[in-house]
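One chain, subunit A, appears in both complexes that follow, with subunit B as partner in the first and subunit C in the second.
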Partner chain A sequence: MGRRPFSLFWALCAAAGVVLLTFVVLPAGSMIAEAGAGLLGEALRQDDVRRSLVLTVSAALITTVIGFVVGVPLAYLLARKEFPGKRAVEGVIDLPIVFPHTAAGVALLTVYGRQGVVGRLLAPLGIEFTETMAGIVLAMLFVSLPFLVDGAREAFALVDERYEHVARTLGSSRFGAFARVTFPQAWRGVLAGAVLMWGRGISEFGAVVILAYNPKVISVLTFERFEGFGLRAAQPPAVLIVLVAFVAFLLARTFLVPRRRRTGKGQR
Partner chain B sequence: MRWWPGLPTRRAAAALAAALACALAFAAFGTGCGSDERQVKLIYAGSLIVPFERVAAAFERQHPGVDVVTEAHGSIQVLRHVTELGDRMDIVASADEQLIPPLMYERDDPETGAPWADWYCSFATNRVVLAVSPQSPLAGELTSKTWYRRLIEGDVRFGLADPRFDAAGYRALMVLQLAEREYGEPFLLEDMLMGRFTTPITVEHSGGTDVIEVPEILETSAGSSIVLRGASIQLVALLESGDLDCAFEYESVARQHGLQYVELPPSIDLSDPDRRDDYATVRVKLDFRRFASVRPEFTGDLIRYAFTIPANAPDPELAREFAAFLLGSEGRRMLAADHQPLLSPPELDDAAAAPEEVRRACAGR
Partner chain C sequence: MIELLGLEVEAGGFRVGPVGLRAGDGRYVVLLGPSGAGKSLVLEAAAGVRGAAAGRIRLAGADVTGLTPERRRVGLVFQDGLLFPHLTVAANIAYGMRAAGRDGVAAGGAAPRSRGHRLSARVREEKVRRLAATVGVTALLDRRPATLSGGERQRVALARALAAGPRALLLDEPLSAVDPEAREELQEVLRRICGERRLPVLHVTHDRDEAFALADECVVLIGGRVHQAGKPLEVLRRPADAAVARFLGARNVLPARRDPADPRLAVLDAGGALPTASPLPAEAVVVVVRPEDLRLAPAGDPAAATAATVTRLTLQGGHVLVGLAAPAPLDALVPAGELDAAGITVGQKVTVSVRPEHVHVLPAG
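Presenting the complex of A and B:
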């Protein structure tokens, strides 16, 4: 081995990367290429596809907002405090990642279904989780919450706690320190987690289809079209949602994720 | 330069190697099991899941080294998996014999230029019932005489298989239309379905025939008391969980799952061989404008299940053996034990085209 053993090393790393990228880009790219631009127009002209797109995107947005409200405080707590059972809490938060999503759907149905423990309590108030948008949001929330909590926790952990202490010694309240010092430094990471959560929400199928077959989110519609009418019919909704998700992610990565975090350099 | 990496790296490398070894061992084990094993692949109507699982297990016991691979869908799907999605199957069983000629006889396998099938064997029957959830507060209120009134009222949540994909779905619509006459309630079907779908299901009366038209996009409207699923079998879990009060199901399915059910009069439940002419006065037409892949019209008839062996079956010899087993005394006994009513004797459509083994089994030899 000579002085510069790295060139082979990096070449191998890059080769692995190329394999992985091809694996991801090929199916998505070929679906879009095969479908062509005409298909996109066709997708947008189809009533059920349009309705489903709006439903999917908005349900995932509502999910993310709820996730934000309940997930960010927990993420901050986990980033700052040590307490007994903290590992267990972190484990529980990540549990939905390892749940098969159909199993998650079954579990949710037993609790939030019409005869479930919670479902029965809420039914008199007119809140039902089967065949409703509420059910879709519930399923999306369950499977996507870990992405926001984990992302936000890491973002908060990167903020130096000393700044918060300084703010407190200067008379700021805990809320003030969080709102004026911590969050402004961590928001990009938190929002990146939120975007991931949203993305996970729109892509959910297994849990949603068990709680709410109707109204149809785009994954259910794509599946129904494929099973019921064939490949050709399934393409418009599939291509549309892939493009929408792609554009949303591109925008998010461009505007949210700071340069230094993307390259992984110059952090400190 | 140090060649030997630090401890954590060494551990990670060891873990990776161990994982790889496990994966290889599993793969070797898996293929080792499968290498000398023959497969027979079955695809069938969802309502046959329980009895066919049992028959498949018995066939495996009787044929060591044979692995029976099973898959179930709504009946229209079952056939489309073979003819449109290109799944190669040994036995294809549909809950409706009517589906096989248009989807398999009249279409050719593009690889061979020959039809997908040219015979079928009708082997079982059934009847439509209204299965009731054990959890439903309405369990006692639904009776053979008054069920439809409760369903019209709107506080009963009932399940329907999607008539675009499942035979049980269009049959439920036929039952509702036949019920109009049976109970002397004009507009029964319209009253029951009106406002519950975003695009309505309508009925056209022409001559002595009622044609039920199902729109291409079938979606329940917000707050609808109807729950739609791709296949009737998918409604069973919702009955069990109490998310549905009742659902149109086959009697065999209700009994297999120990569900209570309301019996419907023979004049409407599609089970009475003497009423085939009456049943035939009702038709369901699917209004497929964009994706016409099915000849979208079904005529009311006695419920008759049928199977065939597709022309491109991967193992036709084993398929014929399975067919003979299914039709033989042991197979029939197992179907009956799972409450699946049988057609006695089984009947062949185009007996001349059917394989010898199947012909003999149908004749009870």
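Presenting the complex of A and C:
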């Protein structure tokens, strides 16, 4: 008997995959190929592009650190505890994913703008969110927090809670059990969520452009150049940010893809 | 000593208890029951990782009901060992010594904290080695948990629990994921540790053989309720009710009535009769006969009491479980050699006998 023929079912699945991959890879690939090394060098020589790159990357980094500090405890709570309204909390956390981001920007401006409820309160303290780095971080945080919270929650949920029970009977406090037993098993998943959050942050346009057009993050700069000077002028910042994102994701996928929970299979 | 006094636990609308039991120092108590009986909930409450809905938990005479797990000093071992996968075997064993030192919780036998860090680390290492030797895992100290067998993992989990200086050992199905050969060895280790260290042990299992091999005392929990507590043989021979009898593998649990002519003869509702050691009450009863207590003989044997037909033969280890229609359905467990010698086959007519003292009578319902 020969090999079983590749079934039509799998062939159709594979065909769908090829269509999808082409759809994703073609624009990014052709943009980079067309640009070549020359355009990349040109991008790096332009002051406004360099400034914008540093601003975008660092604002996304600050956003991620803030997200980590507030998001990880919430993710852990959601992974471990059942409480009334938990579904609602999870829904609210994921809401920014379905929000049109320009609408998110308008909503943020309503609250944190100079005339907004919070904006008015914070202005006397010198904290302003319109046309500032703080505004960029705020917009990035709003749209990217779900990625970290969801990723971290999944990672924590994969760690059997009974590990913590054992740790606590061995003398660890609740925090000690989390820090010494749960987090070391979940950190890859949490960090993968953080990288996704950072990636979502650097690519944000809609919310940022409404809350803080200036200083210009790279997506705003790309848009402005396209509007003002056409495709050729928009290419350098676009190529640069795509490459930065690509390298970051490549590293993250190589080192951080969370390990699947092991089954008994294959273990001695 | 660990004592559970009227302990009740609730989880998802399921209430377990009240459970009352006591394991003295060096005593091995097994909480035995089918899956879903609520055994693990009781153990979790005893360990403090789950709250008690009612009742008290006492350790070495002190009430610990309101204490967090880290202040109770109990050793908890689960079915799959649950060794911390990111730590080596040695680091797993040492975990409790360190955690206790850091969190300021006293761990009996831990290295004195007043000494220098270097020395206490050495003392710790020495203690890890000693414990590893106690449970027979000295050669595994540098390994990662993922590379260990089920039995090895349980030994390490046991050493880890002992390292924190527990006042009691709480074991949740600790042998279920272990190969049969390794299981017997591990049973010996458990008995030895319980005896040598004078530790009270509370061991939860659904496995009757495991329970009877290990227990000084058995507590049978079915459907969240304690049905019986006592010495293993007593529980096995004299089940408190039909549910315990069935769970313990009595197999022949049959509704019956007193024979009007002979008060020591139980007439089975499904047909046939069995002799009893003492006179039966007037009301309906349930008679329990363990399959190994039934004797078979070829039809026509004058000593036999009841005629039966063999309906099925199932090999079980060195024994054969013989299904009988007598006409009530009965199961007899017969050594395979004996069955062979008697030449008993399916469809054959046989006679079934049982000694009256092996017919256990329970109230019906």
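Brief remarks follow.
Criterion: the second predicted complex is superposed on the first by the 251 of 268 C-alpha atoms of A that agree within 3 Å, B and C clash if a C-alpha of one lies under 4 Å from a C-alpha of the other, contacts with A are read in each partner's own complex, and residues count from 1 in each chain.
Following the convention adopted for this analysis, contacts are C-beta pairs under 8 Å (C-beta built on N, C-alpha and C of every residue); 3 or more make two chains touch, one makes a residue touch a chain.
Values in this document were obtained by computation on a predicted structure and should not be read as measured data.
With subunit A as the common reference, subunit B sits beside subunit C without any clash. Of the two partner chains, subunit B is the only one that A:Gly113 touches; subunit C does not reach it. Contacts of A:Val181 after superposition on the shared chain: subunit C is touched, whereas subunit B is not. When both complexes are overlaid on chain A, the residue A:Ser173 reaches subunit C alone and has no touch with subunit B.
Legend: residue contacts after superposition of the two complexes on their common chain; A:Gly230 is shown touching subunit B, with no touch to subunit C. Judged by the touch definition given at the top, the superposed model places A:Thr130 against subunit B, while subunit C stays out of reach.
More residues of subunit A lie in touch with B than with the remaining chain of the pair subunit B and subunit C. Taking every C-alpha of subunit B against every C-alpha of subunit C after the fit on chain A, the minimum distance is 26 Å. Taken in their complex, subunit A has these residues touching subunit C: 160, 162-163, 165-174, 176, 180-181, 184-185, 262, 267-268.
Of all the residues in subunit C, the ones that touch subunit A in their complex are 44, 47-49, 68-70, 72-76, 78, 82, 84-86, 95-96, 99-100, 102-103, 105, 107, 146-149, 157, 160-161, 163-164, 166, 170. Considering their complex, residues 1, 5, 46-48, 109-110, 113-116, 130-132, 213-216, 224-225, 227-233 of subunit A touch subunit B. Remark: subunit B residues 1, 73, 76-77, 80, 84-85, 135, 157, 162, 164-165, 217, 219-220, 222, 224, 227-230, 238, 241-243, 290-291, 293 touch subunit A in the complex.
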